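Following are the structures in question.
In the two complexes that follow, chain A is the common piece, with chain B as its partner first and chain C second.
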Partner chain A sequence: MKAMLLKRALQLVTVVWGVGTLTFVLMRSLPGDMAYRIAASRYGQDNVNSDAAALVRQELNLDQSAFVAYWHWLLDLLQFNLGHSLVSGLPVIDAIQHMLGHSLLLALSGLLISILIAVPIGLFCAWRGNPLDSVFMGLSSVIRATPVFVLGVLFILLFALHWNWFPVAGFGTPAHLVLPALTLALSLAAVSNRVVRDSAKQTFQAAFYQFSKVKGLSAWQTFKRHGARNIAVPVVAFFGIQLVSMIEGIVMIESLFSWPGIGHGLAHAIFARDIPVIQGAALVMGMLFVALNTLVDILCLWIDPRGAREA
Partner chain B sequence: MMVMPSLKRIISCVLVASTLSGVVAFAQPTQSNTLSISAAFEFTSLDPSKNGFVFSRMQILETLLDVDADGLLIPALADRWEVSQDAKTWTFHLREGVHFHDGPLMDADAVVNSLSFAQAKHGALSNAPIDSIKALDKNTVVIQLSRPYTLLGAVLANYANGIFSPAAYGKDGEVLALSATGPYQLYQFAPPHKLVVEKFDDYWGKKASIPYASYLTGHRAESRVLQARSGQVDIVFGLDPASLPSLKRLPSLDLYSNAIPRTIVLKVNSGHPFLKEISARQALSLAINRKGIANGILRTPNSEAEQLMPASLSNWHLDGVSMRRGAQEASAEDLLASLGWKKNAKGQLERDGKVFELTLITYADRPELTTVATAIQAQWQAIGVTTKVEVTNSSAIPMGHQDGSLEVALIARNYGFIADPLGVMLSDFGSNGGGDWGAMNWNNSEISQLLMSLESVSDPKEYKNIAQRSAQLIYDERPVIPVTFYVQQTSVNKRVKGFRFDPFERSFLLNEMEFVKP
Partner chain C sequence: MKKTLRASQLVGLGLLIGLLAFSVLGMAFSPYSISQQDLNAVLDAPSSAHWLGTDHFGRSMLTRMAYAVGLSFALGVLCVVTSSLLGTALGVWAVWGGKRVDHVLGMMVNILLALPGLVVVLLFAAIVPGSFWILYLAISLVQWVEYFRVVRAITQNVIQSPARQSSEMMGFSRWYQFKRHIWPAIAPSVFTLAAFGGANAILTMASLGFVYVGIQPPLAELGLMTVELFPFYSDAPWLLAQPLVVIALMVFGFHLLAGKRV
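Showing the complex of A and B:
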């Protein structure tokens, strides 16, 4: 365990430096004048002109060489300072806290609901087999093939317009979270229920599982003692990966439901060439990736301690 | 000011995770006491030079002068003003009894402080020929100019020049709090999406009746339409015209279509080898089916534009332009043929071995622009002009102007950005060659002289004559090619009464609205 944590800590430092540097290089390589991009985001389309760009260039010292800018960023990073947004002038850490807080809330809620949907369905399909399995397979494929944006609009039409249960868009109250979380959950559950089903089916057909039944344990006792943990390992690992990809990949949901998450914020920062925000967001997401992977590894070790012995 | 704390988010998370169906509103503003507004634009900063438009519309900040529906200046924080004979000294008499949101009374020092900070930032005030801004006494501010400048009043009415409490600024002029003078004060600031304002009881003018108003950025037009349909948002600005027929059938909504002084225009590089002849620009203009674009794409009949300014800006609007057209103009093909362009085997126009090809850039900030751009591409294709459409960021327009790479750009220009269109006209056509968002490489010294002369003309008749001559020059030589005027589509829920649309989009006029009693 200690060795794993040390390895992950080293990984974290590498990821922080690597992600930050790569983002810096990529953003600097993009065509177009940064000063104009920043000015457009700062002052709006009606008010961006060459005067505004000149002001931005002078204020932010954009004429300095890329090497000097990189060096300043690295020094700030060593002091745990992510800098200020080039557009709003606010500390990057505040913007990321605001956006990431909302993204995590949405992602965790979505993941939780998706677990509540996927685990029972997956287990049920593995237990009962066809024709139920094929029906859910077809349903999962249809939902997975439907763009998440369409799912969201359907939920809005049903739950917000027809029944008027939840708000169409916005944030600030728990009711605002329900529809985006449900949209996200359904799209996730469409895949994860198949992972649960495959893992469960594999376990149910395993010799050790059959043997435990033969030796006289009830179906529930067999599942509890020999099924749950064996099924859980690949499922937990998959949910971990889903959570990470979700945080950065829910731009459409955030945009549709006016949810101020990091996916949407990052897309805007890229349009605006707001490099400190892009670097900060990429950095925090990289750290989150390492942290979540570590958490998943710890969870998997706890579920199946044989992993540690093998290592 | 209240920023959503993380603890609250955690509480929200727990509540949702446990119930998932509870509609719990624990914030002070509730649906019954809050007027909710949805529109497309985001905000990121408290600084009025950057995002003042949203604070002005939500009636947090006010300026010395206001603008009425006809574009005329009216008193606001200054209840009267005088301009000296030589038009170089402007004296503003401040309204008495105006409280800032943080308590103190507004005085001349506070106004001078705000205007001085605004002058140092990006905005029209920094370009005004101001020698000094001084407090003459407690309630009088004098602005001394180095030359006559009739635009000053309109410039002062711009949102970037809002008046704030001295305590609102940091030492370098950065705005730390939105302590201004409007009928509403800031309650919650959650950039870039949400803003909640609370009525200000010490307001000097018509006090608000609705306790709270919230603004939510709705990025997608579909979401905004659904918000209007569901009744969860009271006022939705910028509705997609395609959704209007279905919204009209709803008994809970009133719909408003209002012309605004914004025009979709093609900015043309008049120095480009294919576009330097006036006839070539006229031909491209003639080839555009404006009616088709207005009816079929924008779904706003009668919004087609042959000239830059709508009829509401009468000084700059040329009467009878469309009637003059038919009598004197040849077809687009004839005009291009007279310039030596001939169609090749592929149906493309060719001259001296060069194919008539153009790159048209536009930006996605306004989604209709990309559709209009592709329609123009098809319409120009019909006369043999090949057009490549590139969708980029709005900053590419001034950048392309400055580095000379721009050929044609489709833009949505707001001629009411400064209440007097002269402000925008000067920046677009005032200097020889044009401006970032106006003409490009169009060397017409007469227009520069005419527009510059308007800065010192105070006689309305003379002003109109010069403005008309300028509009005629632009119409004749087409350094920019107008396509359609903008029509703002708004839905208002019937639980709200007293809605009025401000064509200059300076204010949502929240304090004039009230909830209908059930």
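Showing the complex of A and C:
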């Protein structure tokens, strides 16, 4: 347990340094005059001249040498000072907090719905077997092959434009959350229901499971005593792998539905060359990633204490 | 190494070959170019002149789809070849090259894995907007890690095996040991990863096109075409359906070809 936490802490430090350096290097090597682009996104494309660009350059110290800028950036990072947005002038940390809240809301509701879909279907398929098994597995293969944004576009066409049940995009009311969360949930569930099914099938066929039925426990008792935990271990471990596709899904879905989260913010910041926001958003994503992975590790240990002895 | 494909894998292979044939034939025999506009024939339904109809600028959809599919395949194959070679080579090297090599490579991998792949690709795409080669570079950079981790894990077992060790003691070269002991062990996993990698590369390019930081107009790219044709969904739903269906078919084909799931 301790070794695991220490390893994760080390990873977090690597992540902060790595992401910081990577984004710094990438941003320094952007072609074109940075000051000019920032001035353009501040004052509009038509109102930019070299005076405005010079003003921006002076104000933001854009003429520092790369090494000095890198040193300053690391120092700021150590104090968790992410700086101000180059476009809006507001502190990055506020913007990120705001975006993080929306992203977490979307991620958690998507995850919750995906669990509600995947676990019952997976268990049912393993329990009942063919022909329902083949139908559901075929269906999830098809959904899996559909990219997240194609799924989202189809949902918008059907539920928002054709039937007018939910708003097309935006945020604010619970109705706005339905389509993005459902898109995310379906794309996650299409993969994880297979894991639930495989894991459940393996457990149901195991000798210890058969034996507990033979010795006279009811189906429900057997499942509760011997099934649930054993099935859960691979499923929870798989969630750690699925985190990547969840975060990628969030980037796409937020852009598609204009959901004001981190992914949407990152895409916009890249257009506007808003370096502090890009760094902040990438950093928060990396840290969130490590934090969630740690959570998955702890959860795995809690469900299956056998792993603790090996580690 | 003899390998027989299962029925579902054959279906996947057939699907991909069909799409490739469509792309090659379309590029070779279409009388139109991807940017040739005909404003008298905008949003046309499929006809004998334009087999798949025309888009909002009167450009031939068949030609554009053929080029878009070709672009996706080119990127997918390039990324798979690069990342599988790099990942396999480094994965074997990490085990064979001693502790220090393993540590350095492990650290590199951890830094790369710290960010979700799409975010890394987005950052790279920001440097040179609309460049095919930057996309290729970024996607390969993200994907080799997968091969590396799997190959390293399997190779570690093979290296410890008595068979490989006696082979070394008999004085066989490293290349022979790789061919005889390591490659047969890792080949099925590398093949599966490659099939998924192809699907992911195509998907990533379409995703970037969809958020408008990938390939830029007037080039034809599946994700970009989805965005371009979206406003006309009620006038010409068959146009919007084309890129959507083709992306799904390509990804589905690669998934079927992979056979098993990772």
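The rule is short, and it goes like this: the second predicted complex is superposed on the first by the 283 of 311 C-alpha atoms of A that agree within 3 Å, B and C clash if a C-alpha of one lies under 4 Å from a C-alpha of the other, contacts with A are read in each partner's own complex, and residues count from 1 in each chain.
As a convention for this text, a contact is a pair of C-beta atoms (placed from the backbone, for glycine too) under 8 Å apart; a residue touches a chain by one contact, two chains touch by 3 or more.
In this text the structure is predicted, and so the values were computed from the model without any measurement.
Shared-chain residue A:169: touches chain B; no touch with chain C. In the superposition on chain A, A:278 makes contact with chain C only, not with chain B. When the two structures are aligned on the shared chain, A:255 is found in touch with chain B and with chain C. Judged by the touch definition given at the top, the superposed model places A:23 against chain C, while chain B stays out of reach. Shared-chain residue A:161: touches chain B and chain C both. With both complexes placed on chain A, chain A has more residues touched by B than by the other of chain B and chain C.
With both structures placed on the common chain, the touch criterion links A:84 to neither chain B nor chain C. Residue contacts after overlaying the shared chain place A:153 against chain B and chain C alike.
Of the two partner chains, chain C is the only one that A:11 touches; chain B does not reach it. Of the two partner chains placed by the overlay, neither chain B nor chain C lies in contact with A:197. The interface of chain A with chain B overlaps its interface with chain C at residues 153, 157, 161, 255-256, 271.
Partner chain A is touched in their complex by these residues of chain B: 3-4, 6, 9, 12-13, 15-17, 19-27, 38, 41-42, 44-45, 47, 49-51, 53, 122-123, 126-127, 174, 190-194, 216-220, 222-223, 226-227, 229-233, 363, 365-366, 393-396, 398-399, 401-402, 412, 414, 417, 427, 435-437.
For chain A in complex with chain C, the touching residues are 11, 14-15, 18-19, 22-23, 26, 29-31, 141-142, 144-150, 153-154, 157, 161, 194, 243-244, 247-248, 251-252, 255-256, 266-267, 270-271, 273, 278, 282, 285-286, 289-290. Chain contact summary for the complex, chain A toward chain B: residues 32-33, 36-37, 39-53, 55, 85, 87-90, 97-98, 101-102, 105, 108-109, 112-113, 153, 156-157, 160-161, 164-175, 177-178, 181, 255-258, 260, 264-265, 268, 271.
Those residues of chain C lying in contact with chain A across their complex are 107, 110-111, 114-119, 122-128, 199, 203, 206-207, 210-211, 213, 223, 226, 230, 233-234, 240, 244, 247-249, 251-252, 255, 261.
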